[in-house]
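After this come two complexes, each holding subunit A, first together with subunit B and then together with subunit C.
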Partner chain A sequence: MKAFIQGAGCVSAQDSNVFPGEVRNYEGDRLPVADPDYKQWIDIKQIRRMGRAIKMGVAASHMSLENAGIKNPDAIIMGTAYGCLADTGVFLQKLVSQQEDMLTPTAFIQSTHNTVAGQIALLLGCHAYNNTFVHGAFSLENALQDSLLLLAEDPSRNILAGATDEITDFSHTVLRRFGLYKNAHTSGLLRSQSQGTMAGEGAAFFVLSAGKGEHSIAQLTAVEMLYRPASEEETTEHIRIFLQRNGLQPADVSLLLTGRNGDTANDRYYETVEQSLFNDTPVAAFKHFCGEYPTAAAFGVWLAAGSLQRGSIPEEAMVKGLPPVQPERILIWNHHHAKHHSLILLEKC
Partner chain B sequence: MEKLMQDLKVQIIQQLNLQEVKPEDIGNDQPLFKEGLGLDSIDALELIVLLQQFHNIRIAKPEDGPNVFYSIRTMAEYITAEKAKQA
Partner chain C sequence: MMTGSVWIAGGGVISGIGRNLGACVASFEAMQPGMAYMQHLHSAHAQTFPVVEVKAGNDELAAIAGMPAHWSRTALLSRIAAQEAWEASGLGDIRQYRTGFVSANTVGGMDKTEEFMEAFLTDASKGKLRQVVHHECGAVTELVADAMGVRHHVSTISTACSSGANALMYGARMIRAGMLDVVIAGGTDALTRFTLNGFNTLMILDQQQCRPFDDTRTGLNLGEGAGYVVLVSDAVAKGIKPWCRLSGFANANDAYHQTASSPDGIGNFMAMKGALEMGGLQPEDIGYINLHGTGTQNNDSSEGLAISRLFTGGVPPASSTKSFTGHTLGASGGIEAVFSALALRDGIIYPNANFSVQMHELAFSPVTAFSRGNHLRNVMSNSFGFGGNCSSLVFSKE
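Here is the complex of A and B:
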């Protein structure tokens, strides 16, 4: 089953209309989110209870619905690895410091992973299918696959699908201890030749439907996941078969959009596979725009869909080759710590 | 009583994360729920916890809630009365 992306919305370290435009660059070990004015979508009385994961998710979902010209979707499906981390932290901290007594309800209510999709539904008054996938770095991909399955079941649906993840000071400190992050500048991150990357956060949502409409920006052709491949050779073979299954050869891909993040070991994996499979294909990357997080591929999908719609790739995204003119097909290949590999194929429509 | 009412306004703003509300924006006799400050049932639970946490007072009868939490003044009067009982 294929789907048409009718609208897309993104909250990230970049402005939501960054491409084409000025890319924001950052220095440090994490990229902050360029927060939009959330009050345009959320009543101020409700905002006070919402953590950033919820606000980002609500904002991105509203942007995508507005772009698609749809008020109420027929399903809300999202992915998140960390969920509402800030509220979980507040609740657990109070649980300990107040010895399990006098716990306030708000942090508890807002701490569950499916709060984001729940809040989106509440604000829209949407009583339709509502599902949240919490599958680590496969959360977005599972949400997209569920969307494709739902569309196969009932092609008349409009599905709101996406992902959100947030960083908190506490989670960042803990993850930094594992040596995952380093201080860098985003403009030079992909050439930094050392261990570690820059952390990121954000949300991206898409309205998917089976038929092409007046707002369609791109086509979501296939989504596939590969968990813990034994070697680069296995991954190469998997990508080759994935393309064959979709009637394609590597040369048919106009652009390979990779999840390079400036970590030497991480990026070497992409290099190895590209050398045997995508020697003549232009290669781009997206994590120097949004940072590294388990659902960062959602930003990649947003970037790829916009590029297919505009017919151009931002030059700042390019890693190898020249930006293709009027690209027909973009393959997003992202891996998270070389364990979770995902392939998302988008085509011009 | 004035000092207690001022403290309550600060505590409520902090506990309920009332962004863009300042203590001077809350009237002593302004209703806290519905048409006044616009608080809801989740806020009522937060206010019960606030009374316990900051003033060591538990609401013994749940049916007293609407009267106790009507306004800043009714909350302050209730706290004063309960403190007098505890003394």
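Here is the complex of A and C:
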């Protein structure tokens, strides 16, 4: 089942209309979010009480609905690896430091992983199918796959699908202890040739439907996940078969958009597979725009869909080759610690 | 593209009333709910709130699961129930099928993260990292998928108390789309201080045994456990004797309040109605309803009114097995799906414990006695949760 992306919205370290335009660069080991004015979509009294995962998710979902010209979707499906970390952290900290005494419900209520999709439904008064996937770097991918299945079952639907993840001071401190991050500058991140990357956060949502419409931005042709491949060879073969199943050869891909993040071992994996499969294909990356997080591929989808619509790839995204003019087809390949691989194929429409 | 039926090849449960499905059924038959003061969770509220713990420490569970005892209890419980489900299916070597594992949970490795925080809050360089490495919900699922030898698909769903039911739906839809042959689907959750205190702040924990669908009910008891069914395609079902068929399901949102149900249960109604429609069934075709029935004022009233509105010709026998197992949150949809599938296979209707006073707003009351030999054709299982997430499943004999 294919789908058409009818609208897209993104909250990230970049402005929501960054391409084509000036990319924001950052220094340090984490990228902040270029917050939009949340008052456009959320009551000001609620904003103060909401964690960023919720605010970003609500904002990106509303942007995508406005972009698609749709008021109320027929399904809300999202992915989040970490869930509502800010509220989880607040409740956990008080629970421990106050020895389970004098706790208040707000943080707990907002800590559940389905809070974001629930809030979106609540704000829209949307009674439709509502689902939340919480599976690390497969969270967005499962949300997209669930959407494609729903469209196969009922092609009349408009589906709101996306992902959100936030960084908190707690989570960043803990993840940094795992040695995941390094201090760098986003403009040089992909050439840094050392261990570690820069952390990121954000949300991106899409309105998907079975038929092409006047708002259609791009076609979502296929989504696939590969869990724990034994080797680069297995991954290579898997990508080849994935393309074949969609009637394509590697040479038919106008641009390979990879999840390179500046970590040597991480990026070498892409390089190895590219050498056997995508020798002549232009290659780009997106995590130097948005940072590394398990649902960062949502930013990649947003970037790719916009690029197909505009007919151009931002120069700053390129890793190898020249930016293709009027690209037909973008394959997003993201992996997280070589354990979770996702393939998302988008085409011009 | 979306064709064929999805069958239940087997199921497994570990809960506070038994370490396997047979032991759980024996507890129902003996009318022995599992509420007790906590023995394994260390909480300031240990003497205040009864809970329904799995009656084993992590060392013992780890030995059964064949996993290290320092892993999250959520994973240990999950592994034990998933293995029981697989063995019950009689499908043999898991590697001969395109198998998926769709597991739901709400706490992930929170039990270990709580331990980590004690040290971390005194000094941010302290706390063992191995205690947070499986914090994410998906990490728990992968520990079990890896132990089971599942490679084709792994995913985790978290929609609060309806999570487990949504796992069955997603698994069934992947089978119908021809993507997988077999899916182990359900949910797991361990008791944690996080959830115990969270529900306490909402003031919906009963200090006595919970009384679902009773007019004097004052809240729920938290439980823990895991429950999985093995879903199979028509082709795989041909070689075995399946328990029943997953004939209908629906997911709707109440869109009323983040943690409360609408008074008339609009989301509940839509989920039940949608599940019947998909199964091509009328309300009178349902022989037993496994209620969500948490024992809170709000849930039982909304669910009861929605049932009354849908089942206009009379409400079939209905009961909340949470009156025995407690509310196992992300696991409950999985555990109750197994109970519902077994109900069809063996003609069982489960009792609702602690019922004595008819709810004033309802014309029906729950079944209070265990019985076998019932001629059930179709069984409904309800799971409703925070965030307005409402799901219903319908199982059919044929």
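Just so it is clear, the second predicted complex is superposed on the first by the 349 of 349 C-alpha atoms of A that agree within 3 Å, B and C clash if a C-alpha of one lies under 4 Å from a C-alpha of the other, contacts with A are read in each partner's own complex, and residues count from 1 in each chain.
Keep this in mind: a contact is a pair of C-beta atoms (placed from the backbone, for glycine too) under 8 Å apart; a residue touches a chain by one contact, two chains touch by 3 or more.
Computed from a predicted structure; not experimentally measured.
J.: Once the shared chain is lined up, is A:Ile109 touching subunit B (first), subunit C (second), both, or neither of them?
T.: Both: A:Ile109 reaches subunit B and subunit C.
J.: Once the shared chain is lined up, is A:Lys45 touching subunit B (first), subunit C (second), both, or neither of them?
T.: After superposition on chain A, A:Lys45 lies in contact with subunit B alone.
J.: Report for A:Ser276: first if it touches subunit B alone, second if subunit C alone, otherwise both or neither.
T.: neither
J.: Could you say whether A:Tyr82 touches subunit B, subunit C, both of them, or neither, answering first, second, both or neither?
T.: After superposing on A, A:Tyr82 lies in contact with subunit C but is clear of subunit B.
J.: Of the two partners subunit B and subunit C, indicate the one touching more residues belonging to subunit A.
T.: Partner with more touched residues of subunit A: C.
J.: Applying the document's definition of touch, where does A:Leu149 land relative to subunit B and subunit C: first, second, both, or neither?
T.: second
J.: For A:Glu100 in the superposed arrangement: first (subunit B), second (subunit C), both or neither?
T.: After superposition on chain A, A:Glu100 lies in contact with subunit C alone.
J.: Mind working out whether A:His127 is in touch with subunit B, subunit C, both or neither, as first, second, both or neither?
T.: After superposition on chain A, A:His127 lies in contact with subunit C alone.
J.: Could you tell me if A:Gly118 is touching subunit B, subunit C, both of them or neither one (first, second, both, neither)?
T.: A:Gly118: touches subunit C, not subunit B.
J.: Please write out, lowest number first, the residues of subunit A touched by both subunit B and subunit C across the two complexes.
T.: Common to the two interfaces on subunit A: residues 103-105, 109.
J.: Where on subunit C does subunit A make contact in their complex?
T.: Touch list, subunit C to subunit A: 1-2, 43-45, 106, 108, 113-114, 117-118, 120-121, 124-125, 129, 132, 136-139, 141, 145-146, 151-160, 166, 170, 173-174, 177, 193-194, 197-198, 200-202, 251-259, 266-267, 270, 385-389.
J.: Name, in rising order, each residue of subunit A that touches subunit C in their complex.
T.: 1, 76, 81-83, 88, 91-93, 95-97, 99-101, 103-105, 108-115, 117-119, 121-122, 124-136, 138-139, 142, 146, 149, 152-153, 173-174, 177-178, 225, 227-228
J.: Inside the complex, what are the residues of subunit B that reach subunit A?
T.: Subunit B residues touching subunit A: 15-20, 38, 42, 45-46, 49, 52-53.
J.: Inside the complex, what are the residues of subunit A that reach subunit B?
T.: 44-45, 47-49, 98, 102-106, 109
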